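Following are the structures in question.
Shared chain: subunit A. Partners: subunit B in the first complex, subunit C in the second.
The block that comes next holds the complex of A and B.
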C-alpha cells in the first residue's frame, strides 16, 4: 500500500515541479494574506500581542484551502481521479498519496511564511524551532487530513469551490484553536512546556482520529 | 401516518400551551429572578439539539455501512432539527447569560462547541441543498466527522476556562423547579419525535414521487 501511495506522491510532485502552479499561487496568496493582516493590524510599528500566531495559522488555512481545491481540480479536468480509483490500488493508498502530496506543498509554504510573519510582526516565532515545527506539522496534518477527504468528495459536486471552505473551516476549529494557542504559548518570554505539550497532544489525537476516520470514509464515499 | 401521530400531536400542543402556566408557577431563583425561567426552554431545547445531532451522526454511519436510503432520510430530518433546536438554544442562551454572566456571549466550552456543531449542521444542509447528485454520500461523511469533532472542540475550549453551569445541578433541583423542567423536557422530546416523523415522511413521499416519475419516463419510451 505504501508503494502505491508513494507512486501517487511522486506523480503529483512531478506534475507540480513541472508547472509549479500550485506552489507559486499558494505562496503568493499566503504572503498577500499576511500583508493584508499587517496593514490592518500593525499600528505605529507595533503588532497586537499574540497576533502573529493567529495570522500565521489563518494564512496557512486560507492557503491550504487553495491548495486542496487546485490539487483536485487538476485531477478533475483530465478525469484522472476516476482513472486512479479504477486502478487496482487500494482506496486508502490513493488517499494517503494525495494527503502526503498536499502536506509537502503546505509545509513548503509554511517554511516561507514563518520567517515572514516573524519579521513583519516582530514576533518571537523562531525562539523554539523544534516545538514550533512539531505544532505546525501536527496541525497541518490534521487540517490536510480532513481537507483531502472533503476535497476528494466534492470533486464531482456542483459549486465545489464554495462548498470546500464552507465544510472545512467549521470542521477544523480544534486545529486552529490548538495551533494558535500552542504557537502563542511558544512566543511567551518564559516557555511553559506543559501548555505546549497539552496542545501538541490534542493535535496528535485529532490527527490520529481524523486520519483513521478519513481512511474509512474515503473508502465508503468514493464508490462511484 | 401512524395512528399514534395525531393524539400525540394533540398532547404535545396542549403541553406547550400549558407550559407558560407551569413555568410561571415555579419558584423564583434567588439571584437571577425572572430571567432564570428562560432555562425551562433553554435546557430542553439544548438536549434535543444534542439528541438530533447524535441521531444524524448514527443514521449517517448506518447509511454509509448499509446503503439503505431510509437511514439517509432520517439523517437529513435530524440535521434540520439540529438547526432548529440549535437556533432555540443559541437564542435563549445569550438572553439568559446577559443577566447571569453580564455578557451575551462567552467563549466557553459548551457555548463554543454548540456554536460550531450548529455551523456544521448548517454546512450539512448547504451540502445537501447545493451539492447536486450524490451529495447524500458526502453529507453522511460530513456528519460522521462533525459528530467526532464535537469532543475535540469541547476539550480544547475547556482547557481555557468554563463558566457554564454543569448539568449536575439538575437532579438536585427542588420539586417546584424540577417539575416545570421535566414537563418542558417531555414537551420538547415529544415535539422532536413528532417533527422527525413528519419530516422523514415528507422525504419518503418525495422519494416515491421521484420513483413514479422515473417509471413514467421508462413507460413513455
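The block that comes next holds the complex of A and C.
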C-alpha cells in the first residue's frame, strides 16, 4: 500500500514542480490573507493578543481549501482519478497518496506563513519551534484528512467548489479551535506545557479518528 | 500478454471469458442499463453499438469494476466482479474517451507511473517497451501536453496495456484520430485479439468498426436490442436494429 502511496506522492509533486500552479496560488492567497489582517488589526505596531494564532490558522485553512480543490480538479480534468481507481492497488493507498501530497504542499505554505505572521504581528510564534511544528503538523493532518476525503467524494459534483468548504469547515471546527488555542498557548511568556499538550492530544485524537474513518470509507465512496 | 502485475499472488484471477448476465444499473430512478446479457470470449473483439444514452459507457464502467451492478452479475471466468474487484482490475485495461494521462508528465513518466501502479517491478523496462510499440521512443521525454491527439492516443493505449491485461475496454477509441492513426489502432486491436485478449469497445464510428468486430451488441435506451456475430454491413444493420421502423 505504501509503495503505491509513494508513487502517487512522487507523481503529484513532479506535476506540481512542473506547473507550480498550486504552490503559487496557495502561497499568494495565504500571504494576501495575512497582509489584509495585518493592515486591519495591527495598530501602532501592536496586534491583538493571540491574534497571530487565529490569523495563522485562518490562512492555513483558506489556503488548504484552495489546495484541496485544485489538487482534485487536476485529477478530474484528464479523468486520471478514474485511472488511479482502475488500478489493482487498495483504494486506501490512493487516499494516502493524495493526502500526503496535499500535506506536503500545505506544510510548505506554512513554512512561509509562520515567519511572515510572526513578523507582521510581532508574535512569539517561533519561541518554541518543536511544539509549534507538532501543533501545526497534527492540525494540518486532521484538516487534510477530512478535506482529502470530501474533495475526492465531490470531484464529480457540479457545485464542488461551493460544497467543499460548506462540508469541510464545520467538520474541522475542532481542529481550528485546538490549533488556535495550542498556538496561542505557545506564544505566552511563560509556557504552560500542560495546556499545549492538551490541545496537541486533542488534535492527535482527531487525526486518528478521521484518518481511520477516511481509510475505512474511501473504497466505498469512490466505487460508485 | 506479458508482465503481469503481482499485487494479489494468493488469488489467481485469470480468465478466458467475460459473461454479462442480466445486468442492470440504476442511477436514482434513471435506468442506465437494463437486463443486458452478452458474452465475450478470449480472442474476440466485441462492439457495443448504440446511440447516445444507450448505456455503452455505463456497461464499460461496470465491466471495469468501477461501478457496481444494481442487479445481475458480471463473471470473469468463474469469478464474479463483486468477489475480487481489486484482483480482477489487475487483468483489466481501460482506454476511456478521456485518455487518463497527466499532461505535465512526459510519455515515459506517465507509463512508468502506471506500470508501477500495477505492481510492475521493472516499470522502466515496461515503459521503454511500450514506447517502442507506440513508435514514440524518440518523443519519450517530451511532455504529453505537447503531443497531437493521435500520439496521445497511442500513449494512452500503451498505458492501458502496460500490465498485460486479459480484458481491454475501450470507450470511443477512434474519436479525434486521423485515418492513419485509426488504421494503426485497428491493427493494434487485431494484434491483441490474435494474442488471446478479450477486447470490448464502445463506438459510434461504424465505418471504422466494420470488419473489426467478431460480435456486435446493439443497445438502445439501456437495453440490449440484438447481438450479431461477425456482423457485415454494420451501418445498415445498425439502422435496422437500433432505429427499426422509426427511421426512413
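In this section, the second predicted complex is superposed on the first by the 224 of 224 C-alpha atoms of A that agree within 3 Å, B and C clash if a C-alpha of one lies under 4 Å from a C-alpha of the other, contacts with A are read in each partner's own complex, and residues count from 1 in each chain.
Criterion: a residue touches a chain if its C-beta (ideal position, glycine included) is under 8 Å from a C-beta of that chain, and two chains touch if they have at least 3 such contacts.
Note that this is a predicted model, so its numbers are computed, not measured.
Colleague: Aligned on subunit A, subunit B and subunit C: do they clash or fit?
Modeller: fit
Colleague: Should A:80 be classified as contacting the first partner (subunit B), the second (subunit C), both, or neither?
Modeller: It touches subunit C, and subunit B stays clear.
Colleague: Could you look at A:171 and tell me whether it touches subunit B, subunit C, both or neither (first, second, both, neither)?
Modeller: first
Colleague: Could you give the angle made at the Cα centre of subunit A by the lines to the Cα centres of subunit B and subunit C, to the nearest 10°?
Modeller: For this superposition the angle at subunit A equals 90 degrees.
Colleague: Of subunit B and subunit C, which one touches more residues of subunit A?
Modeller: Looking at subunit B versus subunit C, the one contacting more residues of subunit A is B.
Colleague: Regarding the shared-chain residue A:45, is it in contact with subunit B (first), subunit C (second), both, or neither?
Modeller: neither
Colleague: Quick check for you: in the superposed arrangement, does A:210 touch first (subunit B), second (subunit C), both or neither?
Modeller: A:210 contacts subunit B only, not subunit C.
Colleague: With both complexes overlaid on chain A, does A:194 touch subunit B (first), subunit C (second), both or neither?
Modeller: neither
Colleague: Where does A:220 make contact in the superposed view: on subunit B (first), on subunit C (second), on both, or on neither?
Modeller: In the superposition, A:220 contacts subunit B only.
Colleague: Can you report the least C-alpha distance between subunit B and subunit C in the superposed arrangement, rounded to whole Å?
Modeller: 5
Colleague: What residues on subunit A does subunit C touch that subunit B touches too?
Modeller: 223-224
Colleague: Flag every residue of subunit C that touches subunit A in the complex, lowest number first.
Modeller: Against subunit A, the touching part of subunit C is residues 5, 7-8, 64, 66-68, 85-87, 89-90, 92, 94, 96, 98-105, 109, 113-114, 116-119, 143, 159.
Colleague: Show which residues of subunit A lie in contact with subunit B when the two form their complex.
Modeller: For this pair, the touching residues of subunit A are 146, 149-150, 153-154, 156-159, 162-163, 166-167, 170-171, 173-174, 177-178, 181, 198, 202, 205-206, 209-210, 213, 217, 220-221, 223-224.
Colleague: Would you pull the subunit B residues touching subunit A in the complex into a rising list?
Modeller: Those in contact with subunit A are residues 64-65, 112, 116, 119-120, 123, 126-127, 130-132, 134-135, 137-138, 140-142, 144-146, 148-149, 152-153, 155-157, 159.
Colleague: List the residues on subunit A that touch subunit C in their complex, please.
Modeller: 3-4, 7, 11, 14-15, 18-19, 78-80, 82-90, 223-224
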